[in-house]
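In the part that follows, the structures are each spelled out as structure tokens.
In the two complexes below, chain A is the common chain; its partner is chain B in one and chain C in the other.
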Partner chain A sequence: MARIDLDLAHAYRPKPKGDDDYALLPLKMTFDDGGAYALLGPSGCGKTTLLNIVSGLVTPSTGRVRFDGVDVTAQSPQQRNIAQVFQFPVIYDTMTVAENLAFPLRNRGVAADKIKQRVGKVAEMLELSAQLDARAAGLAADAKQKISLGRGLVREDVCAVLFDEPLTVIDPHLKWQLRRKLKQIHHELKLTLIYVTHDQIEALTFADQVVVMTRGRAVQIGSASELFERPSHTFVGHFIGSPGMNFLPARRNAAGFEVAGCRFAAPPGVSREIEAFTLGIRPEYVALAGPDVAGAVPATVQQVQDIGTYWLVSARVGAGSTQSLVRLRLGGGAQTVPRVGEAVWLGLIGAHTCYYADEHLIEEATPR
Partner chain B sequence: MQLSLEHIEQRQGVETHLYPLNLKLVPRAVTILLGATQAGKTTLMRVMAGLDKPSKGRVLADGQDVTGMPVRERNVAMVYQQFINYPSMSVADNIASPLKLRGEKEIATRVRELAAKLHIEPFLNRLPAELSGGQQQRVALARALAKRAPLMLLDEPLVNLDYKLREELRDELAALFASGESTVVYATTEPTEALLLGGHTAVLDAGELLQYGPTPEVFHRPRSIRVARAFSDPPMNLLAGSAASGGVMLTSGLHLALVLPSRASATLTTGVRASALRVHARDGDVALPGKVELAEISGSDTFVHASTALGEVVAQLSGVHTLNLGQPIVLYLNPAHAYVFDDEGELLVAPGPDLARKH
Partner chain C sequence: MKPVNQKAWLLILPVVLCVAFSAVLPLMTVVNYSVQDIISPERRVFVGTEWFKSVMRDDDLQGALWRQMVFSLSVLLVEIPLGIALALGMPAKGARSSLVLVLLAISLLIPWNVVGTIWQIFGRADIGLMGAALKGLGLEYSYTGNPTHAWLTVLLMDVWHWTPLVALLCFAGLRAIPDAYYQAASIDGASKFAVFRYIQLPKLRGVLMIAVLLRFMDSFMIYTEPFVLTGGGPGNSTTFLSQYLTQKAVGQFDLGPAAAFSLIYFLIILLLCFILYNWMQRVGTADKGPGHE
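The block that comes next holds the complex of A and B.
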């Protein structure tokens, strides 16, 4: 097991000029020993490049990769002592399940009784014990992928286990079981795990810390609740959650600030120099309010959708250049649901409201 | 257009792909075909389009029998899962192709209009291969819309896109469909997608049409366990029980106070949607103690899998909840939010409309 420190960048070409020339913009990051991490982002965001740099398949164009303080930038994946699990099963069809699981250990000359013990443990965790003597060839795709996962997890001495979208081939109803297995295994084996995915459920469920990436940049590293409650970048607000965060333009005035044509006292922490900024609030936290409620703005309901377990309401606030669409989620227990065309008041300013300048969270905005 | 299917059946050798069904689509509105893979969605669409002739039954378009009339003689637009475009034509030519075929005028204006609607205006001179997957599917959609066909069929058009793109494009499509220009049929495997698109939903399972009606109505009053299963994500919790005085007795000994109709069978299945389970008790709730097996977080919701005396249940909680594996949890349920199905799986009791649903 190892702590992994990255301080690097990866450009597509020598002498990069603009941001577009980078697959990965300069970043500094630490994966703690024994932590479970996910790299989450849309296709082309750089998450696979980052994973390949950790494994040694790609050498960064500048900077260093350190395992427990030792520079491994020039080392191959084998030298780095890394286990990897890919999208599709990588197993030997002619071997039994047990032989497949034992293979990485046998290769390293581990003693037979130790192999037996370790294979037994991993097989039990993945519920493969009953199939240990079966040939891998005859198994279904998801059982084969379980073997792949097992092979990735069987060695105790690896520095890290890297997963590249490992649940792609798994049936939806089996996915949650495997997510549970991975989580249990992480608890029991305390391996350093790094998991690449574009699926927010996989990332947020699996990892203690999720690295959200877009356009070659890691824009936030945080727990599921941090990413949901305090997105530090507007992209995170947009990408996490369905629908994502609402954003409204806000502007300074003499007494405070204006949003959607309404005036409010300036949020604490937004310095006076910032003229124009953005207010962000999640649909889950927008509430129907009365006109006399502090932080409420008038709105006209545009659309009301019954999503079965909740109501999704879209309402227009402001006029002209300050006009925006705000979405709110009303829980199944909602007492009243407005009609299309109805004039309502929406509570936009409260403890869950975030403020952004140049896409970045203004940190001191609402101290907790 | 009014499209009606009468006693349609589709068989191939000994295999039956569609069992006899009747379906009268609501004209100028969206109909969702909802069902798992292999449910018969694509087979049904191909019959609607005229790509396949049904083994039995008739297809009527505005009252006219079009059964067996080949697709090119019908005015139908189709969009598939795979992004299908002409690879050697520019985006503009791709969109214009159905218009050119018909010798229409002012093609350039119409192409620009559609491209603007689907946010692909900057790419009009590029080739499809130079675009991202989401943009390529937008081109295919624009071409289908250019036809202004009275019948538009979309077969899981968003399935190959990542979820944020899907969200965006689904919103745009819903707005385009709302214009009422065409009768739209949209196939999906995802219950949430059906609810977001609204309109009407036809639930298919193993080649059978199980229910057709306004989407929220089918969701809130599924006619059978099969419909409820197809139209719940996460799956509806199904708990075995029996009729008892004043309600249902579940196998664990838990009593749910409910009014059962007199025709109720002795053995029953109680259905509980994941969203009906809560972690905070309210008046009239029953408690379901258990142990957390996994908490899955989607950002907006946390799905808690818990083992209880009633077996494994799934609860959907709003927002992010951090729960550890194995930690004890108590879930609460108001019996008024439970569904009851008889021993044949037919609906006996559905939750009454909430206050909010009175509109």
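The block that comes next holds the complex of A and C.
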């Protein structure tokens, strides 16, 4: 168990020039001891690179990795004593389940009776006790993935367990079971867990803290509700949520600011120097309103989709260069659902509205 | 009862015809010869199993069979481990890898009889590089005079000619192992030997099976190279089964015994391949450890 500090950058090719040459742009990050973290982002955003740097499979081109303050940058994965579960189950085909679980301990020269005891315990925890003598090669993908995890857990002193999209090849109905198992193990063992995924549901349900990454950059670290309520970067707003956040261009004028042809008083916190900014609001928080409601904007309904438990309405606001599409979710209850082509008013400005300049959230707590 | 659609027979007819002309008819001709004494094209006598009995009693054939078994076994014992070692030592990617692959494949591109000629010259004590070098070292090497030397030279020639095939197969097998296995092994603290024993070797099982069967069948039917190099001599020391068969069928025109022997030869290869295949299927997949139901 360990606290992991990162302060590094990584490029796969030598002598990187522009930002594009970096797999990971310079970043500083801390994973607290016993925390459950998720690295969330689209394919190619650098999350697996980051994970492999923590495990020691990849050495960062610059910077340091510290476990509990000790520099481990030059150490091998074995010396760092971490465990990693890969996307595709890795098991030793010729061995039984028990031999698979014992393998890391055997390599480290642990006594036979101690190995037996640890293997028994871990097998029980992972519900593999009945299959201990079976050949690992014959098992289903979810059992194989449990074995991969088990090979990490048999080491009592393991620093951290890393997961690289471990549920990709698992059947959907087993995913929930495995995820619950992971949660349970985290509660019992209080290990530091880092989980890489591109599935936001997986990340948000698994982790206490989610690191959202894009193009080699960690853009926000926060809990599920922080990421949902106050995305600190437009990418987070766009990536988290289904559908993602609505973004509308806004322009400052003498009295306040203008969005989609409507004028509003300037929001608190947005400094006067910022000429153009972006307004972001979650589809969940856009409500149908009347023309007399403060913060409402006229719109024309473009599309209405029945998603089962809710209605997804797309509406066009503004005209010409300020025209944009706003999506909103209407509960499946007794509300009236607008028809396509109908003129409606949408409440866009409110407590849940976020303001962005240059893709970054304008913090309200910075009045000047 | 439902009427059976007989049109399905038409669909397999092309395959049946192909197999009949390419395999069944030639084989039946051989069977035909093996049970008759063909005195002249017009006169033939049915002799039953007489040819089989006489062939089995033939001391020369038993000698050739025994020689053949030892030779094929030696080929496998040398070429398979050597091929695996070569594949493990080859660079995995980049220009160096391509270069090594090309260099390795060269011997596979040389026609059999040229291989024999190359080694015939290579081993000559007067002008051959190897022969002269061994002579220079004070060894009395002669593949034409010494049966052991001749036998070893044929083996060496086969190893030189065919080990690259085993290496290429193993190389392909090794490249097919996902990186995650090596990463997991390094996280589990596995030694280099453990990686070989528990990851590489099990993952190579499929290609090794092909390599073993190919090398076994090919070496069991070896003909051209020893024929060119030693002509089966000195004495009978490098006369393998197919050369013996050719002597009988073409040289002495004993079609009956030659046909009977062909069938026995065919059955031996089939049987040994069957045994090898089943044995290799079982190695590494059998459940081990007591108490497993």
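Observations
Methods note: the second predicted complex is superposed on the first by the 350 of 368 C-alpha atoms of A that agree within 3 Å, B and C clash if a C-alpha of one lies under 4 Å from a C-alpha of the other, contacts with A are read in each partner's own complex, and residues count from 1 in each chain.
Keep in mind that, in the parts below, a contact is a pair of C-beta atoms (placed from the backbone, for glycine too) under 8 Å apart; a residue touches a chain by one contact, two chains touch by 3 or more.
Keep in mind it's a predicted model, so treat the numbers as computed, not measured.
With both complexes brought onto chain A, simultaneous placement of chain B and chain C is permitted, the two fitting side by side without a clash.
Looking at the shared chain after the overlay, A:W176 reaches chain B, while chain C stays out of its contact range. With the two structures brought together on chain A, the opening angle seen from the C-alpha centre of chain A toward chain B and chain C is 70°, to the nearest 10. Once the two complexes are laid over each other on the shared chain, residue contacts for A:K114 go to neither chain B nor chain C.
Once the two complexes are laid over each other on the shared chain, residue contacts for A:S242 go to chain B alone; chain C is not touched.
In the superposition on chain A, contact of A:D133 is made with chain C only, not with chain B. Between chain B and chain C, the partner in contact with more residues of chain A is B.
Legend: residue contacts after superposition of the two complexes on their common chain; A:E229 is shown touching chain B, with no touch to chain C. Look at A:R251: by the touch rule set out above, it reaches neither chain B nor chain C.
Once both structures are overlaid on their shared chain A, chain B and chain C have a minimum Cα-Cα separation of 11 Å. The residues of chain B lying in touch with chain A in their complex are 132-133, 162-165, 167, 191-192, 195-196, 198, 215-216, 219-220, 235, 273-276, 293-300, 303, 305, 316, 318-320, 322, 325, 354-357, 359. By the touch criterion given at the top, residues 52, 55, 57, 76-78, 82-84, 86-88, 90, 92-96, 103-104, 107-108, 133-135, 137, 148, 151-152 of chain A touch chain C in their complex. The residues of chain C lying in touch with chain A in their complex are 178, 180-181, 183-184, 186-191, 194, 198-199, 202-203, 284-285, 287-289, 291-292. Against chain B, in their complex, chain A makes its touches with residues 42-44, 173, 176, 179-180, 183-184, 187, 198-201, 204-205, 223-225, 227-229, 238-244, 282-284, 305-312, 329-337, 339.
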